[in-house]
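Questions regarding the structure given below will be posed in turn.
Letters A, B, C and D mark the chains as written, and numbering starts fresh at 1 in each.
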Amino acid sequence: MDSSVFDNNLIRFLFLFGAAGGLVAFFVALSAWLGPKSMNETKAQPFETGMIPKTDARRPFPIKYYLVAIVFIVFDVEVAFLYPWAVEFRNLGAAGFISMMIFLVILLVGLFYAVRKRVFEWK
Amino acid sequence: MSEEKFPEQLAIEKRFPAAVLDWHAQHGDRTLLVERDRILDIARLLKDDLGYNVLLDLTAVDYLPRKPRFEVVYHFMNLSTLVRLRVKAQPDDEHPVVPSLTSLWAIADWYEREVWDLFGVKFDGHPHLKRIMLYEEFKGHPLRKDYPKTKRQPLIGPEN
Amino acid sequence: MNGESKTVVEPYGVERAVPETEAEFRQEEMLLNLGPSHPSMHGIVRIITKLQGELVLDSEVEIGYLHRAFEKSCEATTWNQALIYTDRLNYVSTCINNVGYCLAVEKLLEIQLPPRGQYIRTMLCEVSRIADHLTCVGAAAMELGAFTVFLYMMIAREYCYELIEDYCGARITTNCSRVGGMPFDLSDGWLDKVGWTVGKVRHILKECDILLTYNRIFVDRTKGIGAISKERALQYGFTGPMLRACGVPYDVRKDHPYLIYHQLDWTVPVGHRGDVLDRYLVRMEEMEQSCRILEQCAGKIPGGPVSCDDKQVVLPDKKDTYGNIEGLMNHFKLIMDGHGIRVPAGEVYFSVEAGNGELGFYVVSAPDENSRDGCNGRPWRVRCRPPCLSFVAAMPEMIKGLMVADVVPTFGSINMIGGELDR
Amino acid sequence: MSDKRSPTRLVRPDFTDPLRGQVYTTRFDKLLGWARKYSLFQYPFVTACCGMEYMSASAGHYDIDRFGAAFPRFSPRQADVLWVVGTISHKLAPIMKTVYEQMAEPKYVVSFGACASCGGPYDNYATVQGIDTIIPVDIYIAGCPPRPEAVLDGVLKLQQMIQNSKQPWRTTDVIERKPLKA
């Protein structure tokens, strides 16, 4: 079987990325193009279970939300590093395992610090 | 007029001689008709001394053709002896006003707001007496006998 | 609140209060209303909460969105016609409202049902109570994310509805009793269907118990949330499972016995902390007790008539109505307008143990002007004591200092039913 | 797609589509109608006893999800069908109208039960005598409360109506619909 364009990995990845992105773009565009749109005064107001909202949504947020968001991002990125490691876990051998465990321990210390600093309690 | 008086009634008459106007024990429900200005004192007496620690219900009845038109009805219960007592007060017709029991029971707040909303009986001493069931724009008190059943006051929509 | 801040008029004429002065930027509170058409507010209660981030500082409850003029409507109907309005009070356990109203009017008439009628009423009340608790626990669990428990409990509730439907033909608006008697006798096979249903309900209850009671998330979300002390509960006039969860063993079926509850052996479950978890446990145990009552009733039910024999109150059965002239006259006297059941003047308060607590009926009969015999064919005043009004009145106290997410399980645990709350 | 077989053929008043003139593109409309009828997201505006029957209809026994119309969206922005379930009192009417107006196009309204359709047993000062005096209603489900089978039948009727009516598409002017008895 002669070599087809899909042999090298990059094309394969680009094709996958293009197909996925294209499908999503197609459906969003289709519904945006097809759907009827009608706007009136009440529709422009924010939906607060049918009542006229008392305060505006663009208010200063308490700082607590920011803290929780930051801690979430830290551990989310950590998980992002774990995926490729988990895929290649077998042939990375002991060295790979040790280095990842060090990485995890460092972040664990960060977690305990956050818990000690009572980031997660709201009161 | 039943034959003998109940113990509560004797206790009340000892403290407030002319308070109890009428009493009966029809169908086993012991009822006292008391002076309307004495209600708060009698309720406090019932709650503190006689142990009626539960205000079961507070409502009103409109006997329109009859002269003292309104009757505010209280149902108390003694949780330890499981005995019930009904106390009634008759406010006057044009400006019905009765002392409020919110200082004794927290639930009296909502019961009284409902009686004000549906009957128009005012309760002086009530922290914020405003409508509970109907909307503020509603004029009149629907549970009075002279309010027609189907007189609607819609906020939006036709008047049918 | 921020009156002096400049409002920017956006397109479509919507004004936004834009924070201008330094005080407004510092302002932490936010007024959020968990409004009427919110899924967890059962559509008809509005709680305006003053929030500091996630913390509920203060709140105010607004009800009345389902006020359907129950008391005014009852005054326009005859004694038996008012039953259709009592169905729609606590529409989750309808038989209990019907039976409660009928017992109140029977107390006014001073008549008593034969034993078989009382047994049927007790069984219908207990089936309705199981349906009520299933709906309450299922909906509260769904609002905490346990959707499977909701689906299992809805299936269990279908079995209860089938039982009620076999008896009176309707699932929810049952209209299942009359003043002075019962409309029908039990169809054959109904009693062993009760046994089958109790078995099914117990099986599903055991499954849901395993799913929820030791579930770490459920317990963390409900333990210590929305708690209320015994004294404050009595101040707010709590009754029923809520009061029993606080530790006060007050149950109308035990303390003011009616129907045949005093002849059966069952116990009253009592909690001791008064938080959402205790209410859930009390309701689950109460369902088990109702199953026990149903089994005993199915075993001990006697034969005989189901309605009392007072001809001024109870319709004669069909073969008499078409058979002889007396039956026809009785039927005519009761059905024609202006005749019907003549209740002598008087006032009476009678309460039953409904799904939420003590459902009291204060029924007043006063002769209108042109009534010669001092009786009245229509109720003068039917006041229903709503058990769940006290729980909703105590909501601001229960959710003060909690997180916004805890408002939902607290509201789910008080089992607020709109028809009963706003009447 | 011939509709001879179905006894009642509910056709909704045609929308005049200014852009495309009077041509009735059946093929494309049938396709659009088919797509819309099997992806109905509902906003359950539940108030009273009909809510119990709504629960039974959407729970495991009489599953409404078999018709693709069960997924409740509790925000009007993401909902296609407004299910008005139960009694609407005059205090609740403005809220229902706000929710209806905040729904995205194309939107349909199902009036569930006698109370929503005509006031039911409550002919008194507090109850709206039928929500079609306030918002346009597409399907009325009779019953107090309607049995779950009647609810499923209502969903089928709604889907049939969507399939057969002319689909509004690519219009930007406000689609004005008058309530039936305004």
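Heads up, the rule we're going with is that a contact is a pair of C-beta atoms (placed from the backbone, for glycine too) under 8 Å apart; a residue touches a chain by one contact, two chains touch by 3 or more.
Because the structure is predicted, anything quoted here is derived from the model rather than measured.
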Drop subunit D, keep coords as is, and the touch graph gives one piece
Distance in whole angstrom between the CA centres of subunit A and subunit C is 45
Rounded to the nearest Å, the gap separating the Cα centres of subunit A and subunit D is 36
When centres are defined as mean Cα positions, the distance from subunit B to subunit C in whole Å is 24
Flagged in subunit C as touching 2+ other chains are 35-38, 64, 67, 69, 72-73, 422
Multi-chain touching residues of subunit A, meaning two or more other chains, are 39-40, 45, 49-51
Residues of subunit B that touch at least two other chains are 134-135, 142, 149
In contact, pair by pair, are chains A-C, A-D, B-C, B-D, C-D
In their shared complex, subunit D is touched by residues of subunit A numbered 33-40, 42-43, 45, 47, 49-52
Subunit C partner, complex, touching residues on subunit A are 39-41, 44-45, 48-51, 53-56, 58-62, 64-65, 122-123
Touching subunit D in the complex, subunit C uses residues 35-39, 42-44, 64-69, 72-73, 84-85, 87-88, 91-92, 135, 139, 150-151, 154-155, 157-158, 161, 171-173, 418-419, 422
Residue positions on subunit D within touch of subunit A in the complex are 32, 75-77, 95-99, 101-102, 104-106, 168-175
So, in the complex, the side of subunit C touching subunit A is made of residues 1, 10-14, 16-19, 25-28, 30-38, 41, 46, 48, 52-55, 403
